[in-house]
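Next, two complexes with subunit A in common: one pairs it with subunit B, the other with subunit C.
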Partner chain A sequence: MPLAFIKNIFFYIGQRIILTIIALVVLSFITFSLSYIVPGDAALVAAGPNAGKVKIEQLRREMGLNLPFHEQYIIYFSKLSKGDLGKSWFTHQPILEDIKDLLPASTELVFFAMLFNILIAIPLGVLAATKRDTKTDLSIRILVMFGAGIPIFWLGLLLQHFLAGEAELFPIAGRLSFSNRNFESNSGFILIDSIVQGEWSVFVDSLWHIILPSFTLSVLFIAVITRTTRSTVMKALEEDFIILARSKGISEFRVIVKHALRNALVPTVTILGMQIGWMMGATVLVEEIFGRPGIGKYAVKAVTQSDIHAIVGVVLIVGVIFIISNLIVDIIHFFLNPRLRNS
Partner chain B sequence: MFKIFNYLRNPIEIAAMSFIVLITLIALIGPLVAPHDPYEANFHNTFSAPSFEYIFGTDAAGRDVFSRVLFGAKLTLATTLFIIFIVSSIGIFIGIISALSGGIIDNLLMRFTDIWLGFPPLILALGFAASFGAGMKAAILALIFTWWPNYARLSRALIIETKDKEFILSAKAMGVSDLRIIFSHLIPNAFDVLFVQISLDVAAVILVISGLSFIGVGAQIPLAEWGAMIADGRSAMSKAWWVVFFPGLAILLTAISFNLIGDVLRRELDPNLSGNK
Partner chain C sequence: MKKFIALIFIVSFSSIILAGTKGVLYIAENETPENLDPANATNSTVDQLLVGVYDTLVQFTAGETTVTPRIAKSWSVSNDGMKYTFNLRNDVLFHDGSSLTAEDVKFTLDRLVAAKGNTMNDLAFYKGAEVVDDYTISLLLESPFGPFISGLSRIYLINKDLVQSNLGDDNGRAWLAVNEAGSGPYKITKFKPTEEVVLEAFEPYWKGWSGNHVSKVVFVYISEPSTQLALLNSGDIHIAPDLTVDDKVGLRSKMGFKVDIGAAATPLYFQLNTQGKKIMQNPLFRKALVMSFDRGLHLKSVLQGFGNMPDGPLPSNWPGHKKGTELRFNLNSAKKIIKDNGWTGTRLLVRYLPAIEEEKRAVEQFQSNLAKIGITLDTEGMTWPTQAATVQKLETTSDINMIYNFPSFPDPHAILNTSFNGKLTGYNGGYNWSQYSNNKVDSLLNKAASSSDQKERANLYSQVQQLVGSDNVVITVSNPGSVVALSNKVEGYIYNVAHHQTFNYMDIGLK
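Take a look at the complex of A and B:
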């Protein structure tokens, strides 16, 4: 039995890793194609407005733009494997550096959105399932209905206007207040660095700044997870082993949490994993509104500046995050799901 | 088609269906009933609050927000339905090929589909916008590229489920051609479930499209598109909330209504998939 189990692990995880590698190569091919088909010629831009024809031609050759598609792709891929994503036209920095600077801020945002998501959605889903067809269930379903239909950028603007602007309960924008502007964050994770340095006021300030944007980001995802949890828990509660557990006189709380939830969480975890990538993508809607530096705001800026390499860089990074988080979830899935484990 | 009306069970569902009928009517005849020209600027009448003359107020250029919301319905619904038509066609095509060929082709197609399944559409749209230039075209292309895998998976599963059913086998035995079996038996038989998926996707596509316009990738100002209108009004939010509020409300109500009706259809047409019943 244990030997078969280990063999299963290697087979399953090996297969997932191979698929992940293929997905990453396909992703690089797509990001390359995006920059290849761009109508503006990169050499024209790099040469500047006053360059002559000869100079542009020379640059084009230097940049490898006269080579056929597949050779250009091979060059792109080999640069990529060294972490070279090209240079941004508007920050004049290597794009990888830009992203490294901004990713911590976006990660903090996504982390808190995920925290809201798990802490709100799973309890709500379980509550709705156990109180099925009551007033509680109905109100949770109405909330889900609104959460799944609300445009989050609109919600963000309204929350910012009413809760931050009018009621002054939250700061309007940014990651820190003006008084804390000199705080030095080495890693870029202000929330972590402020704890490490013992700067509690900075920590609280930064936490205060992240609440509205991360809640805004989480709303749609909360609706999805509440809905999924509700229906999976409901299904689990009808299973024979639950009826058996109940008949043994185990308390209702234990039945729900230990038996029903455990089984019901398998599909929920899969969706949560996919949501990490979606949330990273959705930062383009939220960071701009709340004036938070991050890869989403960077991508929007890059679009307005027609900075193709910077955008492609963000597409690539978010794609990698999406693919890798799916891989991790697949592996977690393997351990959660007894049917997969023993087959 | 009109069976939908018999499925409605409670006031909320009736309200949702009425709203869909209303918004479809507005999309069709909106330009006729709009009280003002949605593109006519009037700089003597900027940011005027909602009144009898301008029931949703006016925006920064003095344009009538109500008329713009009405015009926006057509743009939003037409784009959304176009996208869903294209992605479902691509998806069904790939799903059928995958299901009927089986073996290595099936495997390859499905692995390829898995890679795409759920790739964040917003971020990919930014890439397309940069390549093709911002505009509705980029937004539509991005959605098409990211949305088809759902339909490929679903239709493959449906075809595999039905292709060995007795009525298909007997049609085959009677010498009916493969193409005919696909078009007059397999696809119609899968249509109910696909239709449920389509109705649930309408809301999601509307939200993504308006989001793209909001960040300046999709529709551009002054085009009367709901997301673009919200982006246009946000800098003046503190003195003219209505410019932002009403287009957003239109998105919210449209999305909620389509979601609700999608749920109704799922309950009635696809008992296997329904988590609620």
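Take a look at the complex of A and C:
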């Protein structure tokens, strides 16, 4: 590997990391400001019924809510810079610990939703592009419209009712059957831990529980990726290098996969990267329907209680995931795009 | 040899006392518990868990509104009503095997005061405790407080030694948020608040296990009603409290299920801002508003009959209830008042929680009725903390606010004082969101609170209801029943009126 290339890649990654840190600081400020502006009084909620003004004021002081906004933010940021997201006013636990407990469940969900997304959307997009203006293309486009238009919540309820409730093909709710809930998962990633511990029945059970929720979560995203892949592959198929490849006698499969799709993947990968963050934010709906634990549920509870530090904590973690996934996309671009490599 | 015989005896004895526990009871809950701290037991989701994990000095047996002994075998009150002396049971063990004594009771109360526990909000007159001996304790008050004994039914007794060693710098709040230190019939063995909480029967529970009880209780947190229904249908759960009204109606006639309607005491009000804009300060205008809501229609169409017809702000089966203090629905009379006084075209604002279907539907009816008499009702749906924040200042309080009253114990004080005492207005940090301040009402409430003569108290509360009714302070929208769908395998389910939205899982068995 030439030295200039290595220098380039390190410069590129370094630049992205600095931008990431700046983005996180800005994100923490915006979220904190929004939580501060939105009306709501955590001290009043924490004080309970019939508390009276004196007790509410005492709690407000203890929670630091009596301080001006800039002082509250400076205190928060100085803790944040040491990796401390603070304590939840309602669970009384460090927010980082709360999130650490819940993030694996949401991550597993997003991972499988992304798997469905890639495995279904890209082949569908390629198929639609290669069968342009045929019945196959039309059918895929109708499916895509359906997927983009159907509310996640409704789809989840339908799938749950028919496939789990009526047909009993899948479990109705939860991460595991009640009989397997004694399983000790050290990392919180049940699928991984069950493999490591050789608990295959737990692994299968957990896999079975994740299929419906992750598919529900993926449908909207599948629609987007199918459309993007279809249009980019179609565009690529009209390029001169494809005509050249075909004239060389390369098989159609190779032309599509190796030449057209590879070039068409750049915008698709960009969108996939962003979708990870969006999916993390959308987990709440799926978690609610399928009774799964996760950071979405935690965030909703925090919002309804005006638990500002918990809200900011969740937003920051989702923000970090969003930014990291985009950083990875940028790096993939670096390898896919020769112009970036040589710049 | 002696040890061997003793061991056989213990094993046999354990199997006898556990004879009544069998099976696992699965209960769905829509709200997740934010923590396990008894200081937070005013929150019904937390209270639902703790009711069988901790003991209390006194209790309201499920379905009853009179207080009975629990850990306190008996008690006496000093003549001035400021000293309560309790004789405690001497056979109560905490889950770690240590004995519960008077020191634990004192520590419990002192810790609640230091931690600013919500459960002490209704026991503000508590001054301190004097331990007389291991099983006798005196609780001292700053001034007499009639419902003091009732208020103790939500004070869960904690294990002093265990909590003290984990006190930290926050009076044990962080530790007790995820651990328990109780002596109740069940102990918590797993706490995953967004997923499930598992409780297991505590073998040496002082009350024993005669009758039908379950050996394990699992609370599963499912917020979506249709998911709760699917799990109930599939037999995965036994109790589903949060189904839609339509689904509950459907299950009433379905084989294998039953629907329990508990006589809950959680009245829903439209609180009319008595210190708001000039027109709202006029009792005659408020009278027209009170006559514009059809409670009968609400009970029939929204609650589908699951509840009682409200008759004033206090549930009609409670001591001290006075009949006919709140005006009935009469849209023609209301229209006449509005027309005669030239109030047609008035615009009002109501704030409510749209996430609660009953509130949403009540607002719709009220809006429609008011439109018929020439008043436009603007609506603002919000979350609970936001709504609560708006009433902390008079200038941001809307004309009308919707709010449920969740009394901490079944005593008129818990409802009337909370909703009508001038010291507990919204701007004073209370739930009197009508911002209603009437010296006469306050004086009656205070007198009733300090009296221990139940007859006198009932009379005083009756006067309060009359005054509040003639001032047209609230519209009592409903007295919704606590409607819970159950598998017919469940027996012993009784709604616990003293702990709102709560039932005693420790009294439930499976067929």
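Quick note on the criterion: the second predicted complex is superposed on the first by the 287 of 343 C-alpha atoms of A that agree within 3 Å, B and C clash if a C-alpha of one lies under 4 Å from a C-alpha of the other, contacts with A are read in each partner's own complex, and residues count from 1 in each chain.
Heads up, the rule we're going with is that contacts are C-beta pairs under 8 Å (C-beta built on N, C-alpha and C of every residue); 3 or more make two chains touch, one makes a residue touch a chain.
In this text the structure is predicted, and so the values were computed from the model without any measurement.
Asks: If you stack the two complexes on chain A, which partner ends up touching A:Ser231: first (subunit B), second (subunit C), both, or neither?
Replies: In the superposition, A:Ser231 contacts subunit B only.
Asks: Applying the document's definition of touch, where does A:Lys87 land relative to subunit B and subunit C: first, second, both, or neither?
Replies: second
Asks: Applying the touch criterion given at the start, work out whether A:Ile75 contacts subunit B, subunit C, both or neither, answering first, second, both or neither.
Replies: After superposition on chain A, A:Ile75 lies in contact with neither partner.
Asks: After lining up the shared chain so the two structures overlap, which partner does A:Thr31 touch, if you call subunit B first and subunit C second: first, second, both or neither?
Replies: A:Thr31: touches subunit B, not subunit C.
Asks: Just to be sure I read the superposition right, which of the two partners does A:Leu157 touch: subunit B = first, subunit C = second, or both, or neither?
Replies: Both partners, subunit B and subunit C.
Asks: Between subunit B (first) and subunit C (second), which does A:Phe178 come into contact with in this model arrangement: first, second, both, or neither?
Replies: The second partner, subunit C, only.
Asks: Now for A:Gln58: first (subunit B), second (subunit C), both, or neither, which partner does it touch?
Replies: Second partner only, subunit C.
Asks: Thinking of the overlay built on chain A, is A:Pro293 touched by subunit B (first), by subunit C (second), by both, or by neither?
Replies: Once the two structures are laid over each other on A, A:Pro293 reaches subunit C alone.
Asks: Just subunit B (first), just subunit C (second), both, or neither: which does A:Thr304 touch?
Replies: In the superposed model, A:Thr304 contacts both subunit B and subunit C.
Asks: State which residues of subunit A lie in both footprints, the one left by subunit B and the one left by subunit C.
Replies: Common to the two interfaces on subunit A: residues 38-39, 157, 161, 165, 288-289, 303-304, 306.
Asks: Per the contact definition, I'd like the list of subunit C residues that touch subunit A in the complex.
Replies: Checking each residue of subunit C against subunit A gives 24, 26, 32, 34-35, 37, 40, 42-43, 116, 118-119, 121-122, 124, 170, 173-174, 177-178, 192-196, 218, 220-224, 226-227, 230-231, 233-234, 236, 383-386, 388-390, 392, 406, 408, 417-418, 423-424, 428-431.
Asks: Touching residues of subunit A toward subunit B in the complex: what are they?
Replies: It comes out as residues 19, 22-23, 26, 31, 34-35, 37-39, 145-146, 148-154, 157-158, 161, 165, 220, 227-228, 230-232, 234-235, 274, 277-278, 280-282, 284-285, 288-289, 299-300, 302-304, 306-308, 311-312, 314-315, 318-319, 322-323.
Asks: Per the contact definition, I'd like the list of subunit B residues that touch subunit A in the complex.
Replies: So the residues of subunit B touching subunit A come out as 111-112, 114-115, 118-124, 126-134, 203, 207, 210-211, 214-217, 227, 230, 234, 237-238, 241, 244-245, 248, 251-253, 255-256, 259-260, 275-276.
Asks: Within the complex, which stretch of subunit A touches subunit C?
Replies: Going by the criterion above, the answer is residues 38-42, 44-45, 47-56, 58-59, 87, 90-93, 101-102, 157, 160-161, 164-165, 168, 172-175, 178, 181, 288-294, 297-298, 301, 303-306.
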